[in-house]
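Structure record follows, encoded as C-alpha cells.
Labels A, B, C and D are assigned to the chains in the order they are written; within every chain, residues are numbered from 1.
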Amino acid sequence: MELDRDRSLECYSRMLRIRKFEEAIIAHHPVGHLSIGQEAAIVGACMALRDDDYVTGTHRSHGHPIGKGADLLPLMAEIFGKRTGICKGLGGSMHLTDTSLGLIGESAIVGGGLPLATGAGLSIQVRKTDQVSLCFFGDGASNEGTFHESLNMAAVWKLPVIYFCENNGYAVTTSVEKSHGQPDIARRADGYGMPGVIVDGQDAEAVFAATMAAVARARAGGGPTLIEAKTYRFDEHSNRLAIPIKYREEEEVAHWRGARDPIALYRAVLDGRGLAAEAEAVEAAVAKLTDEAVQFAKDSPEPEMQDLIDSMYVNPIHFPADAGIA
Amino acid sequence: MLNSTQKLSYLQAIVEAHREEMRRDENVILMGEDIAVYGAQSLFDEFDESRLRNCPLSELGFTGVGVGAALTGLRPIVDLTIASFLYLASDQIINQAAKLRFMTGGQLKVPLVVRCSTFYNNRTAAQHADRPYPLMMNTPGLKIVAPSCASDAKGLLKAAVRDDDPVLFFEDITLWGKKEDVPVDEDFVVPIGKADVKRAGKDVTIVAFAGTVPPALVAAEALAKEGIDAEVVDLRTLVPMDKETVLSSVAKTGKLVIVDNSHRVGSVASEVAAVVVEEAFDSLRKPIQRVTAPAVHVPYNARLEKQLFPTKETIGAAVLRVV
Amino acid sequence: MELDRDRSLECYSRMLRIRKFEEAIIAHHPVGHLSIGQEAAIVGACMALRDDDYVTGTHRSHGHPIGKGADLLPLMAEIFGKRTGICKGLGGSMHLTDTSLGLIGESAIVGGGLPLATGAGLSIQVRKTDQVSLCFFGDGASNEGTFHESLNMAAVWKLPVIYFCENNGYAVTTSVEKSHGQPDIARRADGYGMPGVIVDGQDAEAVFAATMAAVARARAGGGPTLIEAKTYRFDEHSNRLAIPIKYREEEEVAHWRGARDPIALYRAVLDGRGLAAEAEAVEAAVAKLTDEAVQFAKDSPEPEMQDLIDSMYVNPIHFPADAGIA
Amino acid sequence: MLNSTQKLSYLQAIVEAHREEMRRDENVILMGEDIAVYGAQSLFDEFDESRLRNCPLSELGFTGVGVGAALTGLRPIVDLTIASFLYLASDQIINQAAKLRFMTGGQLKVPLVVRCSTFYNNRTAAQHADRPYPLMMNTPGLKIVAPSCASDAKGLLKAAVRDDDPVLFFEDITLWGKKEDVPVDEDFVVPIGKADVKRAGKDVTIVAFAGTVPPALVAAEALAKEGIDAEVVDLRTLVPMDKETVLSSVAKTGKLVIVDNSHRVGSVASEVAAVVVEEAFDSLRKPIQRVTAPAVHVPYNARLEKQLFPTKETIGAAVLRVV
C-alpha cells in the first residue's frame, strides 16, 4: 500500500531518525541495543497507528518511540542518563518509553511486553474505545511462555491487538533455526485460530500495508493478528556485550547491509516517485535534529536521589522514611 | 447506611468489597480462573462478563494482562486463586507491575490488585499449600496485605482497589468461613500500612497476621488466666509495615513473640525481628521468639500437616519462654 | 491397531482397575480428581510404553500409575494418607507417583509436568538410551506457557517425547471453546514443526495405535509428537470442590456416560472377539484386588514426623536441627 | 596436582568447575541461553553440544527441563544468566525441584544446579539489576550459595554439582573479573553450609556474602587503623546457613553488622538478624545494624545506582554506630 506524499516523507523521516539517533549513540554514548537495519519494520508498523493507539516494545527500545513519532531530545537525554530524559534517567537505553504517544513499556525482560499489550487490548475492549494495541517483540521472545498465553487470550477474547514480530534472525547468538521447531513464527498463529502474516521487513510500505490490514480488522472487532516481519540486525546484539564466537557469516551481514538496507531501499522508492529533493530536505532536518538532541543530552543535569524517590509510588506510605535510604 | 453492619464471612466480605468497588467505578474488573468457583458467582447477577473475565490457565499471561489493563485505564483485580500459583506470575508482578512506574520516571501508574489465598491445613499437599508471604516482600514498589478477619478483609481490599500502586492481597482459607459484623458503609476502608492492636496488654507483645491472629488471641486469653497480659498486634499490612505500632508495643512490654504461618527461614517473622532488634534493642528484655511453620514441606497426611502450623499451644509456650 | 489377546485383556484390566479404584475412593475416602471416563485415553497410551519409559502426569493422578501397571495397594494407601502409601502419605491424591514404573511426577501445578517430561526426553538423548518419555496433560494445561516452551524445545532438539493431551473438554468449569482460540489442541503442533494427531479418546485401541506410531517415531530419533485424545470426565472436577454453577449440560454428561463409556465400549470389543469369559474373569479379579487395596489402606499406619524429615533431603545439612520442628 | 594453585578470575573459576565436573561425570551437562557469551565458550572445545545446550528463550521451560533431566539420571547445571530472570523460572524451582523428593516420599532426587548472576552496578536498570537472594530462602528443600571469591566460587560450584539436592548458585558480576589463586585439585570442594571467617577480629562482627565481602574487608582494614578490630564472616551459603559460625562470632564481639546487597525489607540480612536475636540475645550488646540496598528500584543513572549499594564507607559508619 502506497503512502501519500506527506506520509511517505514522514515515514522516511522516522526511519532516518532511528538510524541517525543510533549513529549518534555509537559516536557519543555507546550503550544499548540498536535497531539499525530494522527501521522499515518498526516505522512501517507505526505508520498504521494513531497517536492514541498503544505500543509495547523491547530491550531494543530506541526505534519504537521514534517510530511512533516521539521527540528525540528526551530520548537522547535518557540514553545519557539525564534528568531531562523521557524516564528521568531512571529507565535508560532499554526502556525509552514515551507514554504521551501511547507507549506503555519497553520490556527488557524478553517477552514481558506481550501480556502488557494484550492487557491494553482488554482495556480497550472493556472501555469500548476504538483504539488498538500493537506489541513489538523479537523472534527470541516468541519462545517465551508469555507469547503463547497472550496470543491465545487475545484470540479467545477477540482483542484488538497486533502482535508484531521483528524477526531479525537471531536472539543474541542463537539463530531462529536453532531455537524454533520451525522457522516461520507467523505459522504459530493458526494454533490460536488467528491470522498469521509474513511480510518483508525491509520494505516499509509492505509492512505498513500488512499492519493496516491488521489494524482495520482489530478496530472492526475482528480480533488479533500476528505479523512476522523478516528483518535483520546490522550491528552486534548490544553495544556493550562482547561476543566471543562467530554465529553469523560475514557475507550474510554484508548482503543485508548492502542489498537490503531499508533506508536505502525506501530512498529509492521516494526517488522513483520524484521526491528526491524532499528526501534530501528530510535528511538535513534529521541531521540537525540529532545534533540538537546530543547537545541537549550533554547539557542536561543528572537526576538526584529525590527524583528516584518521587518515581517510586503514586501513594507513598511510610516512604521514603522506612526505605533505608542512606 | 453509616454505622450499620452486616454479618459476613471473610470470603463474603471479600466478594462484597468487589461488588461495592465495581459499582463505584466501572473501570474495576475481576480476572481469574473459574471465578464463580472461588466465591464470586453472585457478581455475575449484577455485572457483565466483560468485567468478570474467566481466564484460560495462563497465570503469568493473565496477570500481565492485568498489568497492561491497569496501565491503560482499568483497575483490575486479578485473582490467582491459590497462592502456590503465585510463582508462575511472579515475573509480571515483580519486573513489570512493581517497576513500571519507577522505570518510566513516574509516567505510568499500575492500579492493580492481585489476590491469592493460602491453602494450608487443607490436605492438598506441598504443591498447593504454600504461604509465600515473604516472596515479594523484598520487591520495592509493591504493597502487601494479609487480613485476619472479615472487616479487615473488606476494608483492605477496598483500600487496595482504590490505591494507585500495585497491591498483593493474601487471603487465608482457614478464615474464609469465619463470620463477623462488617461495616456496610461503601466508603469503609482499612488503611494500608496500619497495624491493629487486636488485644491490648502489657506483659508481652504477640505480633501475628492472617490465620495466626485467631490462635494468638486464644493463646492470649489462656495466658490471661495465668496472669500474663499479652498484647496482640495484627500486622494487617506486611509491606509497608507499621513499624510504629510494633515498636511502641515492644517499648511497653519488652518481649516479642512473632507468629507466622510461613516457613521459618526468610519469613515475615524474620523481618519483624530484624526491625525490632535494630530499632528497639534497648527496650528488648528477652530473646525474640519466632513461632512459624518449620522449614519442611507440607505433607498430605492431615495429622502431620496440622503439626506444622502455629497453634494456641505453641504460641502460649513461646510466650512462657520469655515472660 | 488391535492388541493381541493377552494385551487386550491387560488393557481391559488396567482400565477397569482405574474405574474400580476410583469407585472405591468415592465409597471409602472421597478425595481428589477422578479419571472415570478417561480410562481408554490413559491406558491406550500406556499400553504403547515399556516399563522403563518415563511418564509425567497431573493432579488427576490416579489413572496414570494404574495405566502404567502399578500395584494398587500402595496407591490406595496413599489416597488414605498412610505410611505404606506410594509416597508415604506425603504426596496424596494428586501425586500418585510410582517411580518403579518410570513415573517421575504427577504435577498438581497445571502444566508443571510438561517441562519435566521434556527433561526426561533430553536425558534419554544425552544418555543415548532408547527410552521415550510420555507427558499426560489436560486441555486446560495446554494454555500454560510451559506447553509452548516445552513443545518447542522438544521439536528443536528432536527429543523422544510424546505429549499426550487428555482433552476432556473442560478445565474445572471452563470449556475448551471459552479458553482456546480454536478448539483443536493438536493443531498447535504445526507451529512447532511437530506432528499433531487427534484421536478418539474413548477407543482404547485407537489411542494405542496413535501412541504406538508416536513412540516408534520417537525411538527412531524422529522427535516428538502431540496427541490429542478427545475424552470426557464423567464426574465433577474434584470430589472435594463444590461447583456452584452449571457449566455443562446434563444431556451432554448423560450422552458420554451412556454411549461413550470407554470400558463398556472395550468390553464390547472383547465380546466381539470371543473374550467375554476372560473379561468376566478380569472383572472378578479387579473387584477382589480393589477390596484388598482398601483393606490394606485402612489397616496401614499413618506416617510420623520422622518420615517427613527423612523425605526432605538426600544430603541434609544442619537438618533437621535448624528447621524449627516443634 | 595437590596443593598447586592457578590464578583465575571468579568467572574463570566457575568455568573451571564446570570443566572438571563435566570431565569427572558424563552426566553433568550445562544448559542456558548463549552459553558462549556468558564465559563458557572454551567448554565447546572439549565437550559435545549434546552436553552444552544452548536453549531457546524459555526460562521456565528449560529450568523445568533441567529438573526432569535431573530426575532421570543427569546432573544438569542450568544457567539462568541474569538473576532478574529467576522469577520466570521460580515455579519449576520451588514447586518441582524443591518439592519432588518430598512429595514422592523420597523416591526421587533432584541433583540440579541453577546458576544466576546478580547484575547490579552495571547500568542496566531495574529489570536487570535485581539481587533476589531472599526470593527462595523461604522454600524448604533448596540449598542456596553465594560465593565472594574465585576459590569459593569454584569449590562451591563443584560441591553443588556433587550434591544430590537442588542448589541455587548466585554469582556476583562485580566479582567476575577478580583474580585469585585457586586450587587446581579436582576434588577441591567448599562444603555447602559452612561460613568462612575471612578476617578474624574481636570488637565487632561483620557478616557479609558475595559482593559485599570485599568492601567489608576494606572497611575492616580501615577500622583497624582506628583501633577497631572487626571480624568478617563470609556466609558463603545462605541456606542452610552456618548459624554456629555467626553465633560464636557474636558471642565473642557482642555487636553485629550485616551487609547485604539485596533490598532492605525481607533481606538476607533480616534473616541473619532474626537468628541472632533469637539465639544469641544475651551476647548482643548493641542493636544489630543492617547495611543493605534501600527499598527502591535500581536506576539506570550510574551515579545514583552506585549510591544504593553498601560501600566501605557505609559499612564503616554502621560499625562506628555500635562500637
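Going forward, contacts are C-beta pairs under 8 Å (C-beta built on N, C-alpha and C of every residue); 3 or more make two chains touch, one makes a residue touch a chain.
Note that the structure is predicted; figures quoted are calculated from it, not measured.
Taking the mean Cα position of each chain as its centre, C sits at the greatest distance from chain D. The pair from A-B, A-D or B-C that reproduces the interface of C-D, where over half of the contact pairs by residue number are the same, turns out to be A-B. Looking at which of B-C and A-B shares more C-beta pairs in contact, the answer is the pair A-B.
Centroid to centroid, with C-alpha atoms defining each point, chain A and chain D lie 36 Å apart. Computed from the mean C-alpha positions, the centre of chain A lies at a distance of 39 Å from the centre of chain B. Put simply, the C-alpha centre of chain A and that of chain C have 44 angstrom between them. In chain B, the residues touching two or more other chains are 55-56, 58, 60-61, 84-85, 88, 91, 95, 102-103, 125-127, 140-141, 241, 290, 295-297, 299. Touching of two or more other chains is recorded for residues 87, 89-91, 95, 107, 109, 112, 143-146, 148-149, 152, 156, 178-180, 308, 312, 319, 322-323 of chain C.
On the side of chain A, the complex with chain B involves touching residues 54, 56, 85-91, 95, 97, 99, 104-105, 107, 109, 112, 114-127, 133, 145-146, 148-150, 152-153, 156-157, 307-308, 310-315, 317-319, 322-323. Listed in rising order, the residues of chain D touching chain A in the complex are 33-34, 36-37, 41, 54-61, 84-85, 88, 123-128, 264, 290, 292-297, 299-304, 307, 314.
Looking at the complex, you find that chain D touches chain B at residues 60, 84-85, 87-88, 90-91, 94-95, 98-99, 102-103, 125-127, 130, 132, 134-135, 137-141, 239, 241, 262-263, 265-271, 273-279, 281-282, 284, 286-290, 295-297, 299. Touching chain B in their complex are the following residues of chain C: 31, 78, 81-82, 87, 89-95, 107-112, 140-141, 143-145, 171-174, 178-180, 241, 243-245, 302-305, 308-309, 312, 319-320, 322-326.
By the touch rule above, chain A contacts chain C in their complex via residues 143-149, 151-152, 154-156, 178-182, 187-194.
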